[in-house]
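First chain A sits with chain B, and in the next complex the same chain sits with chain C.
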Partner chain A sequence: MIYFDNSATTIAKPPEVAEAVLYAINNFGNASRSFYDAALLANREIFKTRAEISELVGLDEPLNVAFTCSATESLNLVIAGLIKKGDSVITTVTEHNSVLRPLYLAGCDLDFIDCDDEGVLRLDEIEKLIKPSTRFLVCTHGSNVTGNITDVKRIYEICKSHNITMILDISQTFGLIDVTFDMADILCFTGHKGLFGPQGTGGIIVNGSFDFDIVKTGGAGVKSFERFQQKEMPDIFEAGTHNSHGIYGLQKGVQFIKKIGTGAIHLKERKLAERFYTGIKNLKGITLYGDFSGYDRLPVISVNLEGMTSADLATSLWENYEIATRAGSHCAPLLHKRFNTVDMGMVRFSFSYFNTYEEIDICICALKNIAGY
Partner chain B sequence: MIYFDNSATTIAKPPEVAEAVLYAINNFGNASRSFYDAALLANREIFKTRAEISELVGLDEPLNVAFTCSATESLNLVIAGLIKKGDSVITTVTEHNSVLRPLYLAGCDLDFIDCDDEGVLRLDEIEKLIKPSTRFLVCTHGSNVTGNITDVKRIYEICKSHNITMILDISQTFGLIDVTFDMADILCFTGHKGLFGPQGTGGIIVNGSFDFDIVKTGGAGVKSFERFQQKEMPDIFEAGTHNSHGIYGLQKGVQFIKKIGTGAIHLKERKLAERFYTGIKNLKGITLYGDFSGYDRLPVISVNLEGMTSADLATSLWENYEIATRAGSHCAPLLHKRFNTVDMGMVRFSFSYFNTYEEIDICICALKNIAGY
Partner chain C sequence: MEYVITFKNTNFAIKAEQILLADRLRVTVMPLPSQIKAGCGICLRINPEQIGSALKILKSNHIGETVIYLKRVDNNRTSFQEIVDSAILM
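The block that comes next holds the complex of A and B.
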C-alpha cells in the first residue's frame, strides 16, 4: 500500500510509539489514584507528556496542557465551556465539522470569514465582521482540504486589539509546522495525526486562565467531596480515568518530532508535495484546489479529474495501484459549497514525513494512466 | 508487586490485548473515513467489537453499542443527553462521582435511595421515592467501595412498572458477572477494568431507542452537509475519530472473558476474596465495610485498622510488602458520609482473575504484622 491519507490519521509512526503503548498497558496503574509505583509511573509519564507538548508550543507550563480523547472532544469542551447561546462568534468557511457543529450546538450568533477561489481566507474582512458583542473567534490553522495555512498570527493580532478570545484548531498543523502562542489563546489538538500518537489522544493547551464552565464531570481522584471536580487546568477537562496508555505513546511521537525538528519535517513534506504538484498540475482535465503559490503549505493536495467523481478516482487509485487516498467531502461542508464540489467531492492526497519520493512518482504515473496519457 | 487495585484499572491483562493494540497502531487507518483496506480493517474490527460486546449482554444488535473514551464520558453523554433541568431523578447514596456529578450538572431534582450499615441499598423505599414527575433512575450495579452487588433486576422491574428509564453504571461489574438487559434500559461501561481492555475505552449500550439530545458533535465521515451528525445509535455518541487502536484491544479482552466465562471468572474471584475475608475478618481493630453474607459480591474488600488512617495503612502495605491497594475516599462521597469515613477513608483491596491465592496469603500475613500479631 502507498498511504496518502495522513490527514485522516498517520499509520507509519516512529516504532517507539507502539512500543510505549505496549509497555504502558502491561505496567501502568490508574494515574492520580494512588501512590504505589505503577500508579505513580502512569502519573509521571502523563506529566512528562504535558511537559513535552507544552515545550513544543514554547510554553513552560505543563499543567496548561489537558488531555482529551480527540481534537473533536477538545473543541466541544472548549466551545461549550466558553461560548453561550447568543454570543457573537467569528469563524470561517473553511472549517471542519469539528469546529462548525459545536458552534451550531452552542447556539451562538455566527459570522463567517469568506475565502477566495483558492480557498485563501479574506483576512481583510475580519474587522468588518467584528461587532461590539463579538467575544470569540474560532478557526483552523491549516485546511484539511486545500492544505492552505492561514496567517493566524495576523488574525490573533486583530483579536487581541478587540479583546476577542481566539481558539485555534491545530489538528492539521501540530507536528508539521511550528505552532506557538502568538497564534491564539487556546489550542485544540489531536494526537494521532502529525504528532504520530495513537488514536484516542488529543488535548487542549491554554495560555493564561479562562473561566471555563464544566461540561464533562466525574471522579478525578482529588477533592471527592465537592459537587464538581476542580475548575483549574488541567482538571477542568479531565474527568474519569486518563488514557495513560495512549498518552505515553503520544509522548514518544512528540519526542520524535522534537528530535527531527518541525523545520526538517516541513521541508521533507513540502518536497514530497511539491514533487507531486509539479508532476500532476498540467494533466489534462485536472482541477487543483488551493493556493500553491507559496512555501508555507501543508502536504495536502486535493484534486478532481474531469469526467470522474472523486469516489471513482479514489477507487481506481486503490483498486489498480493500491494507493490510499480519501474521496468525498472531508467534513468541510462550507468549503465544498464554495468550490461547487458538494456532489463530486474531491480526492485528497496527504503526505507524511515517512512517505518517499518513489511513492510520489508511482502516484503521478497512476494519475497519468487514469487520465489517459 | 502484588497488585490489588483492580477496581481502579487492571494491569495484568490477557497478552493478546496489548498485542492487538500494537498491531492496530501499525495497521489501522481512520475507520469510516475511506474504503482502502487499512480504513476498512479498522472499521470492520470496530464493528466486530460492537458485536462481541452486544453478544456479551445477550443482545443481537451490534449498532446498539457506541464507543466512548470512558465510563465517565458514557455517563456524561447519556445523562446530559436525556435528563433536563428540573427532571425528577432517583439515584443512590452509593454512587461514584461519575454518576453523581453529571446528575448535579444536569440540575435535576434528585432523590436518593439510602443504604443500611452494610451499604446495602434499601430497595423497599424506592416506591416511596417515586413521584409522578420521576422519569429516570441512575445507579451502579456493583459498589466500588463495598463490593456489594445491587439487585438491579428488582429495581428495573419497579422502573418498568412506572415508565421510568433506568441507566446502569456497570463499571465495576462488566466482565466480572453477568450483565443483561433485564437489569436496565441503558448500560454505561468502561473498557480498562473487568473487560481487560486498554485505558481510553468505554461505551454505551442501549436496548431500544431513546431520544438523546446531541451533547458532543463533530465530523463523522457521513452526512457532512447536515448541521449535526446523525441522531441514531451509535453515531449520536461518536463524533470524531474513533480510538480504533484501543477498541481492537478491548475486543481481545472481551473475547478472553467469553472464552473463560463470567461464571468461572466470578468463581475464581470469589474464592480469592473469600480467602482474604476469612483471613482478616477477626483481626483485632479491623473494620470491614459491606455485606459479606452472600455469594454474589464483587472481589472488593474495604477495611480500616484501628489507630491508622487509610493512607497510613496503604503506605505501610506498599512500602514494606509491595502490595498495591487504594486508600482514601474512592470518589463515593455520600457512602463515606454514611460510613463516617470521610476523614480517614478506607483501604480497598480489589482482586482480579489473574491474582493468586499465594498473593492473598502474603497480604493476610502483612495485615497481621501491621496489626501487631
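The block that comes next holds the complex of A and C.
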C-alpha cells in the first residue's frame, strides 16, 4: 500500500512508539491512584510526556498540558468550558466540524471570516467582524482540505489588542511546523497525526489561567470527598483513568519530532508535496484546491478530475494502484460550499515524513493513466 | 524521625518528586497517612538533613500549597506534627 492519508492519521510511525505502548500495557498501573511502583511509573511517564509537549511549544510548565482522547474532545471541552449561549465568537469558513459543531452546540453568536477562491482567509476583514461583545476567536492553524497555513500570529495580535481569547486547532500542524504561544491563548491538539502518537491521544495546552466551567467530572485520585472536580489544569479536563499507554507512546513520538526537528520534517514533506504538485498540476481536467503560490504549506493536496466523482477517483487509485487517499467531503462543510464541491467532494492526498519520492512518482503515473495519458 | 510533604494534588506531588530527584535529593512517594487530611492521596517523605534544601527547591519552582509534617514514632505510636512556619526549616 502507498499511504497518502496522513492528514487522517499517520500509520508509519517511529518504531519506539509501538514499543512504548506495548511496554506500558504490560507495566503501567493506574496513574494518580496509588503509590506502588507500577502506579507511579504511569504517573511519572504521563508527567514526562506533559513536559515534552510543553517544551515543544516553548512553555516551562508541564501542568499546563491536559490530556484528552482527541483534538475533537479537546475543542469540545474548551468551547463548552468557556463559551456560553449569547457570547459573540468569531470563527472561519475553513473550519472542521470539530470546531463548528461545538460552537453550534454552545449556542453562541457566530461571525465568520470568509476566504478567497484559493481558500485563503481574508484576515483584513477580522477588525470589521469584532463587536464590543466579541470575547472569543476559534480557528484552525492549517486547513485539512487545502493545506493552506493561516497567519495565526497576525490573528492573535488582533485578538490581544481587543482582549479576545484565541483558541487554536493545531490538529494538522502540530509536529509538522513550529507551534508557539505567540499564536493563541489555548491550543487543542491531536496525538496520532503529526506527532506520530497512537490514536486516542490528544490534549489541551493553555498559556495562562482561564475560568473554565467544569464540563467533565468523575474520579481523579484527589479530593475524593468534594462534590466536584478540581478547577485547575490539568485536572479539570482529566476525569477518569488516563490513556497512559497511549500517552507513553505519544511521548516517544514527540521525542522523535524533537530529534529530527520540525524544520527538517517540514522541508521533507514540502519537497514531497511540491514534487506531486509539479507532476499533476497541468493534467487535463484537473482542479486543485488551495493556495500554491508559496512554500509555506502543509503537505496536503486536494483535487478533482473532470468527469469523475471523488469517490470514483479514490476507488480507482485504491483498487488499481493500492494508493490510499480520502474522498468525499472532509468534515469542513463551509469550505466545500465555498468551493462548490458539496456533491462531488474532493480527493485528498496528504503526505508524511515517512513517504518517499518513489511513492510520489508512482502516484503521479497512476493519475496520468486515469486521466487518459 | 522524618518529614512528610503534602500537596494539593497528585500532579504537583509527582512534579515535586521529579524536581527533587533531579537535584539528587532522596525523596520517597508514600500514601497519605490517615492522620493527615489533604486533597492528594500521595505525599513525599524526606529525611531531616535534606528537608531545608527540598523546601528551597520547591519554593523556587513555585510548587505552592504544600504542608510539612514532622513524623515521630514514640512508644510504637506514630504522630504527625504540622510545621506551621516551614521557613524555620530552610
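A few remarks follow.
FYI, the second predicted complex is superposed on the first by the 373 of 373 C-alpha atoms of A that agree within 3 Å, B and C clash if a C-alpha of one lies under 4 Å from a C-alpha of the other, contacts with A are read in each partner's own complex, and residues count from 1 in each chain.
Definition applied: contacts are C-beta pairs under 8 Å (C-beta built on N, C-alpha and C of every residue); 3 or more make two chains touch, one makes a residue touch a chain.
Not measured: the values here are computed from a predicted model.
Within the superposed three-chain model, A:163 lies out of touch with both chain B and chain C [touch as defined at top].
Of the two partner chains placed by superposition, A:293 touches none, neither chain B nor chain C. Of the two partner chains, chain B and chain C are each touched by A:34.
Shared-chain residue A:47: touches chain C; no touch with chain B.
When both complexes are overlaid on chain A, the residue A:331 reaches chain B alone and has no touch with chain C. Of the two partner chains placed by the overlay, only chain B lies in contact with A:69; chain C stays clear of it.
The partner of chain A that touches more of its residues, comparing chain B with chain C, is B. Taken together, the two complexes place residues 33-35, 220-221, 224 of chain A in contact with chain B and also with chain C.
Taken together, the chain B residues at the contact with chain A in this complex read 1, 3, 5, 8-9, 11, 13, 17-19, 21-22, 25-30, 33-39, 68-73, 75-76, 96-98, 100-102, 104-105, 190, 192, 198-201, 214, 216-221, 224-225, 227-229, 239-246, 249, 314-315, 318, 324-333, 336, 342. Of all residues in chain C, those touching chain A in their complex are 8-12, 14-15, 17-18, 29-31, 39-42. Here chain A touches chain C in the complex through residues 31-35, 40, 43-44, 47-48, 62-63, 220-224, 226, 230, 232, 234-235, going by the rule given at the top.
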